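Only one structure is covered here, and it is reproduced in the block below.
First chain written, first letter: the chains are A, B, C, D, E and F, and each begins at residue 1.
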Amino acid sequence: MKFDEQYSGNVFIKSHPNYDESQAVIYGMPMDWTVSYRPGSRFGPARIREVSIGLEEYSPYLDRDLDEVKYFDAGDIPLPFGNPYKSIDLIEEYIDSLLKDGKFPLGMGGEHLVSWPVMKAVAKKYDDLAIIHFDAHTDLRTDYEGEELSHSTPIRKIAEHIGPKNVYSFGIRSGMKEEFDWAKENGMHISKFEVLEPLKEILPTLAGRNVYVTIDIDVLDPAHAPGTGTVDAGGITSRELLASIHAIAGSNVNVVGADLVEVAPVYDHSEQTANTASKMLREMLLGFVK
Amino acid sequence: MKFDEQYSGNVFIKSHPNYDESQAVIYGMPMDWTVSYRPGSRFGPARIREVSIGLEEYSPYLDRDLDEVKYFDAGDIPLPFGNPYKSIDLIEEYIDSLLKDGKFPLGMGGEHLVSWPVMKAVAKKYDDLAIIHFDAHTDLRTDYEGEELSHSTPIRKIAEHIGPKNVYSFGIRSGMKEEFDWAKENGMHISKFEVLEPLKEILPTLAGRNVYVTIDIDVLDPAHAPGTGTVDAGGITSRELLASIHAIAGSNVNVVGADLVEVAPVYDHSEQTANTASKMLREMLLGFVK
Amino acid sequence: MKFDEQYSGNVFIKSHPNYDESQAVIYGMPMDWTVSYRPGSRFGPARIREVSIGLEEYSPYLDRDLDEVKYFDAGDIPLPFGNPYKSIDLIEEYIDSLLKDGKFPLGMGGEHLVSWPVMKAVAKKYDDLAIIHFDAHTDLRTDYEGEELSHSTPIRKIAEHIGPKNVYSFGIRSGMKEEFDWAKENGMHISKFEVLEPLKEILPTLAGRNVYVTIDIDVLDPAHAPGTGTVDAGGITSRELLASIHAIAGSNVNVVGADLVEVAPVYDHSEQTANTASKMLREMLLGFVK
Amino acid sequence: MKFDEQYSGNVFIKSHPNYDESQAVIYGMPMDWTVSYRPGSRFGPARIREVSIGLEEYSPYLDRDLDEVKYFDAGDIPLPFGNPYKSIDLIEEYIDSLLKDGKFPLGMGGEHLVSWPVMKAVAKKYDDLAIIHFDAHTDLRTDYEGEELSHSTPIRKIAEHIGPKNVYSFGIRSGMKEEFDWAKENGMHISKFEVLEPLKEILPTLAGRNVYVTIDIDVLDPAHAPGTGTVDAGGITSRELLASIHAIAGSNVNVVGADLVEVAPVYDHSEQTANTASKMLREMLLGFVK
Amino acid sequence: MKFDEQYSGNVFIKSHPNYDESQAVIYGMPMDWTVSYRPGSRFGPARIREVSIGLEEYSPYLDRDLDEVKYFDAGDIPLPFGNPYKSIDLIEEYIDSLLKDGKFPLGMGGEHLVSWPVMKAVAKKYDDLAIIHFDAHTDLRTDYEGEELSHSTPIRKIAEHIGPKNVYSFGIRSGMKEEFDWAKENGMHISKFEVLEPLKEILPTLAGRNVYVTIDIDVLDPAHAPGTGTVDAGGITSRELLASIHAIAGSNVNVVGADLVEVAPVYDHSEQTANTASKMLREMLLGFVK
Amino acid sequence: MKFDEQYSGNVFIKSHPNYDESQAVIYGMPMDWTVSYRPGSRFGPARIREVSIGLEEYSPYLDRDLDEVKYFDAGDIPLPFGNPYKSIDLIEEYIDSLLKDGKFPLGMGGEHLVSWPVMKAVAKKYDDLAIIHFDAHTDLRTDYEGEELSHSTPIRKIAEHIGPKNVYSFGIRSGMKEEFDWAKENGMHISKFEVLEPLKEILPTLAGRNVYVTIDIDVLDPAHAPGTGTVDAGGITSRELLASIHAIAGSNVNVVGADLVEVAPVYDHSEQTANTASKMLREMLLGFVK
C-alpha cells in the first residue's frame, strides 16, 4: 500500500503525473457568469473528469491508445465569481504560460466566452492562425445588452482580432440577422446547419496552417447534448461530431490548441453530455496531439 | 420606470400586446384528462412560453424575423378539469371567435383531442380543407374503451367530418390493425414511418388548397422529445421536422391554422422538448403566417 | 370572450392589475452571477409565480384572504448578466421609485446579494430601521476572494450601513469564525441554529420600530428546501418558518418591506421549494401588509 | 423450477394468492382526471406495489409480522380515462362486492375523489360510521369550477351523506374560508395543522364505533412526500403519521376499511413517497386488520 | 367482478397465462453485480414490463399482432445478490429447463454477463449455432481486473465455447486494442461502428443456421438509450436497431433464442430506454417466434 | 503559476497533502455489490468529496476549524467488482496498515458491509472496543438468502466477534423479528426509533472506553437522506444526527475510528444527501480527532 502522495482521483483518465514531461495540458475554465439563459457550465470540467473513468483508453476510430500521448491535467483555473474582466485576464495569462512551455492547450469550459482569451493567447504565439468553430450559435455579437464580455461575443472578438476571413464556423443554426450579415460582408465562413460536408471541403484550403479548434457542445442536437445552457433543436449527431474531429485529425492542418465548452451537468440526469464530452476530448487528444 | 401595466412576462416571446392589430393568435389548450398512459401535457403551453425567452427572434432557415409577424398570445383557454365534453365545446367556440375576427389560430396542447374541435371550427370557415398530420400514432380509433372523446380519436373524427381522403398523416408508427385498414379502405393517406420524402410528394397535389397542420410532438423520436405522454422508438429527428415545416412553408398550400400538441414537461428534466416545441412554433409563425 | 388585453398568466396569484391602486408591489431580482457554489436562482421568481396557481387564496393561519390585500406583480427587474455593479445600482433605483410611491416592497431573489441595495433604499426612507434576517449563513464577509459584491457579503454591508446592533440574524449554522467574532464584537445579534424561540424573545424589544425582513430560503433544512444554491444540513422545518412569519405578523413591529431569496428551481425536481416559497410569500403579504 | 403459473411479481409484498381465504383486499384506484393542479396519481398504486419489495415484513412498532394477516392484492380497478361519473360508479360497485364477501377494503389512490364511492359503500354496510381523515386540504367544496365530482369535494360529499358531525379531519392547512366555516357551522371536526395530539383526544370518544380511515399522503410535509399532486409546506413528519396510525390501531375503535391516496410518483425522483406509502400500508394492515 | 385469482398486473403486455401452451417464454435476469461503472440494470426487467402497457399490440412494421404469438412471462429468475458464480449456474439450469420444454427463450437483463450462461445452454441444444451480437462494446476480455466473470467477458466466453468464427458483432465502438486484435486473429466478425449495412451482407451467409441474438441496449446512441450503465457517444438510432431486427426476421436464419440487456432505469427520467426496450421485445416476439 | 504537480482537485476539502504528517486518513470503500435493493453507493465517496467544496471550514457547533486537524485523503480503496470476499480482505489489510501507522481511520461507503472488515481490524488494535451504530436497520442477519457476506450482516458479524454486549445500536426501525430477539437474548443494546435521548444515557457508561462509530446515512428520515439504497420512513432529522455526533464528541469516550456509509447519489437529484454526509464528516473530523 502506498500512502505517500495526496489522492488525485478526479483527474482526466490516464493523465500524466508530470507537467514537464507532458506534451499537452488539459485544464478547466469553470466560468458561467455572463450567460443569458441557463447557468451551470462552471461544473462542466469537474463532471467531465469524473465520468472519464468510464472511457476505454483505446480509440478504435484512430487506432491509437491514450498511452501514446502524454498529457497533464492541471485542474481548474481559479476564477473570481461574477467578474468576467479579471477572469478573462487570468485565462490569457495562464495560456501564455502553457504556450511558453511548449504545451498543447486543451481546455474545458465553462461558457464560450472563455475561448476568447485562449484564442488571443494562441494568436500571439502562432502566425497565420485559423479558427475552426463548431457551434449552434454565431457568437458574433459586439455586445449583449451593453456587456461586451458575454457568452455571445467570443467569435466576434477573435474574428476582429485575427481577421474574419480566418474564422470558419460550422453547424450554426441560431443568431441575429445582423450577425449573419456581418460575417458575409467581412468574408468570414459560416456553414449554416451543416458540419461534416463543408468541413471536408474547407480543410484542404487550410493545409499547412496553424489551426485552433473550438467546440461548443451545443453544436450537437439536444438529443445528444441535453446538458448545456441553450438547447436548440436541429443539431448534428454525436457520430457526425466524431467524424468531424477525425476529419481534422486526418487532414494536413497543424492543430495548435483546442477546447470544448458549455457542458452544464445539472440539466442532464443521465450524464450523457459529460460522457460524450469526455469521449470527444479523448479523440481530440489522440487526433490532435502528434 | 414604468409600472402602469400588469406584468406580462410569461408570454410567447415577442408576442404583440394588441389583439386587434395581430394577424395570428397563439393560445394554450391545457387539457390532458382523457390520456390513457402518462398525463401532464396540461402544463405544456406554460412551459413552452417560459422557455421561449431562450429563442433567437431571427430564423436563419427562413431568413425572417419575429418582428415581421404580428401575433397575440391569448393565454390558455380555461377548461373544466375532468370534463372532456365541456372542454371540447369551449375550444370550438373559442376558435369560432378567433376565425370570425380573421385571425390565424396557432394552438398549443394539451393532449391531441384538443385538435378535434379546432379543426371542426376551421372546417366551418374554410372550404375544401385538407389536414396535414404529423404523429407517431394513427389516432383513428372510434373510441377508447368506450369513450368516444379520447386522445386516440381526433383524427378519426375530423376524417369522418371532412372526408378521409382530405387527411394526410405522416410518420405513423403505432396503431391498431383496424385503424390502418380503415384508412386504406377509405382513401385516407398514411405515410408509415416516413415524413419528409412523402410530404414533398404530396404537397404539389395540395397546391392552392386550404390546409390545417397538426403536429403531435411524438412524431419525433423519444431522443428528440422525451417529454411527452407516449414515447415510441423509431421516430424522426428534429431536423426532419424542421425541414417538413419549411417544406410546407415553401409550397403553394394556404395554411389556415396549425397546432402543436402533447408536450408534457415533467418527463423531460433537460426541458429539450419544450425548447424544441418553442422553436417549431417560431418556424410555424414565420413560415405559415404571411 | 375577451381578447382586448395581453395575456398575463404568469403573475403571482391574485395580483392586482393596477399599480396605482396597490399597497404592495411584488417583483423579481433574477441575479445569480456572484454565487460561489451552485447557480440557478435567477429562475426563482419565474418558477415561484408559475407554481403560485396551486395556492389557496385563504390563509387558515391568519384567517385572511388574498382579496383583502392589493398587490401588483411588477415582473422581474431587468438586470445585466454578469455585471453585479450595474445590477446593484439598478435595484436600488427601482426600490427608490417604489418607496417614493408609498408601496410595500416584496422582493423575490435571486442570490442574497440583491437584498443589499433593497435594504439600503429602505434605510434611506425609514428611520431607525432594524433588519430581521433568516438564513443558514452569516453573509458577513467583507469580500469573497477579493470581490466585495458577493452573495456572502450583503448582511455585512447593511450592518455597517445602519449599525450592527440593528441587525438580528436567526438560524445561522454556517460561516467563518471571523464572521461570528465580528458580530459579537460589534453588538450584532446572531441566534445560532435556533429561530422561533429567540425571535419571540427579540420581537418585544423591537416594538414600534420599522423592520425589514429578509429570508434566505436555506434557513430551512435541505429536506424542506432542496432547490437552493447551498444545501446545508441541520436547518429548521417549514412549519417553524411559517410560525416565525406569523410571530412577526402578530407583533408590534412595523414591517416596511421584505424579501425571500435563493430559490434555485433546477435542483428540485418535485418543485417543493418553489411551492413553499410561494406559500411563505402569501403569508408575508397577508401578515405584513396591513 | 416451476412454470405452471403466470408470473405475478408486482403485487404488494407477501399478499396471499387466494381471495376467499383472505381477510383483507388491497386494490388500486388509478384515477387522476379531475385534479386541478398536477396529475400523475394514476401511477401511484403500481409504484407502491413495486417498491413494497424493499419492505421488511415485520413491524417493530406493532411487533407483528405480515405473515399474521391474510390479504389479497386484487390489482387495479379498471377505470375509464376521463370519465369521473362512470369511474365513481364502478368503484362503488366494486367495494359493494368486497364488503358482501366480508373483506376489509384497503385502497390505494389515485386522487382523493376515489374515496367518496368507497366511503359511500362502507356507509351502506356499517351503521354509525365515523370517518377519520388525514389531509392538508379540507376537500369540502361543493364543486370545483362547476364540477361536482372533483378531487376537492369528497369529504363534503361523505359529510353530507353520513352527517358532518361524524367526520373528523386532522392536519388541515389549506382550504377556502367557506369550507372552514361550513365545517364549524355543521359540527364537523377539523384539527387545523395538528394531527397526533387532537387525534389522541378524539379517539376515546369514538370507542366502539365503526371507523373508516382515509389518508391523503399530502398531510405529510412536502419534505416527507414530494411525490404528490399538491405540495403544501407546513405538514407533519412521517414519524407523526406512523404514530397516528398506531394510535388508531391501539384504540377501541373498530376500523372497517381504509385508504391512502394521492401518491404521484413522477414528482419524486428518490421514490421516497411511494416507499413511505408502502410502509404506511404495512402498518395499516398490521394495525387495522385483526 | 372476478376475485378468484391473484393479481398479475406487471407482466409483459398480452403475455399468455399458461406456460404449457406458450411457444416462447419471457424472463428477467436481474443481476448487475459485476459492472465496473454504473449499476442499476437489475431493475431493467421490472420497468420494461411496467411500461409495456403503453405499447400497441400491433406492429405496422411486421403487420403482425401480439395475439398471433403465445408467450408466457415467467417473471425474474431469483439470483443471489453479489454472487456471480451461483447466478451464472442458476441461469444456465433455468434455460436448460426452458429448452427441454421446447420454448423459445427471450431474456431481459441485467448486465450482459447474464447472456453467457444462456448462450451456453442454447449451444448445448442447437448444433451449428451462430451468435448475432449488437453492442457498443466488444465484451471480449478474458477477465476484468482479475475477475473472469465480468460484464466485459461474455462474448469472449461464448466465442471460445462455440468458436470465434461463429460470432458476429455489430456496432462496436469501444474496447481494448487487444480485444479487436484477438477477434481479427481468430476469425471473429466485428463490424466497427456500423450495424444495418454489414448485417444485411452477413445474413445470407447464415441462411439455414441456428442463430441466437443478443442485444446490449447501449448499441444505441446515448440519445436513444440514456438509461444504461455505460453511455458511449456515436451509436445508432432506434430506427436502425428496429430495421436490424426486421432484417433478421425477414432473413432465412433460424432464430432459436434472444435477449436484450443493460437497461438501467434510474439514469433515464423520461423512461424512454425502458419504453424502447419494450418495443424492441415486441418486434423480437413478432419477428423471431414463428 | 504552478504546474509542478498533478492536479488533485477532488479531495475532501482542506485535506492535508502529506500522509506522514496527518493524524487521520479519510478513504472511500466504493462497494455496493451485495445490496438486495437499490445499488449505487459505490459512487458515494466521489460525490461526497466533490460537494465538500461547498462546506465552510469552520464549525460553529464545535467552535473548531478544519485547519486545526490534519487529515489526508487517501482516495478510494480499489475493490474488485462483484467479489465481496476479496473486497473484504482488501479492506481489512488496508485498515491494518493505517492503524499500524497510528492514523485515525475515517471511512466513506459504499454499502454497510464495508464496515465489517474495518471494525475487525480496529478490534485487533484496540482492547475493550465498543461500537456505536446509527442505522434504520438492525443489520443482524446471519446471512441474506444464503450469502453470509451481505449488507444485512455486518453488525451481526462484529457483535459475534467482540461480544454483543459491546454493540450499541440507535434509531433502528426495520429488521426481522429474529434479529431483534437475538439482540435481546444476547445483551446487545438496541434503541428502537430513538437516537439522541438513549445515546445520552449510554455515553456515560462507556466513559474511558475505545469506541468505533458507524453511521448508516439511512438512520436519517428519507426527507433528510433520499439518496440511499433503502429509504425507510420514520427516521430522525439531520439536526438530531448532528447533535448525536456532538454528544459523542463531548463525552469521555475515546473514539478510535468512524465511518459513514450508504450514500447513493443517483437517487438524489438535489444532492442534499452527499452535502449532508460531507457536513457530518466535517463534524466527525473536528469532534473525534483530538
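Rule of thumb we're sticking to: a residue touches a chain if its C-beta (ideal position, glycine included) is under 8 Å from a C-beta of that chain, and two chains touch if they have at least 3 such contacts.
Everything quoted here is computed from the prediction, not taken from an experiment.
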{"item": "Mutual neighbours - chains that touch chain A and chain E alike", "value": "B, F"}
{"item": "For chain A placed onto chain D, the superposition rotation in degrees, Cα atoms, nearest 5", "value": "180"}
{"item": "Option reproducing the contacts of A-B, where over half of them reappear, out of A-E, A-F or A-C", "value": "A-E"}
{"item": "Residue-number overlap at the chain D/chain F interface, same or different (half cut)", "value": "different"}
{"item": "Of all other chains, the one whose Cα centre sits farthest from chain C", "value": "E"}
{"item": "Whole-Å gap separating chain B and chain E, where each centre is the average of the chain's CA atoms", "value": "38"}
{"item": "Chain E and chain F: spacing of chain centres that average the CA atoms, whole Å", "value": "39"}
{"item": "Multi-chain contact residues (two or more partners), chain F", "value": "38, 221, 223-224, 267, 269"}
{"item": "Pairs of chains satisfying the touch condition", "value": "A-B, A-C, A-E, A-F, B-C, B-D, B-E, C-D, C-F, D-E, D-F, E-F"}
{"item": "Residue ranges of chain A in contact with chain E within the complex", "value": "53-54, 56-58, 60-61, 63, 65, 221, 223-224, 237-239, 242, 269-272, 275-276, 279-280"}
{"item": "Complex interface listing, chain A residues touching chain C", "value": "32-36, 38-40, 42-43, 80-84, 144-147, 149-150, 266-267"}
{"item": "In the complex, chain E residues that touch chain D", "value": "1, 3-11, 15, 17-20, 25, 46, 49-50, 72-76, 93-94, 97-98, 101, 269"}
{"item": "Chain D to chain C touching residues, read off their complex", "value": "37-38, 172-177, 180, 192-193, 221-224, 226-227, 230-235, 267-269"}
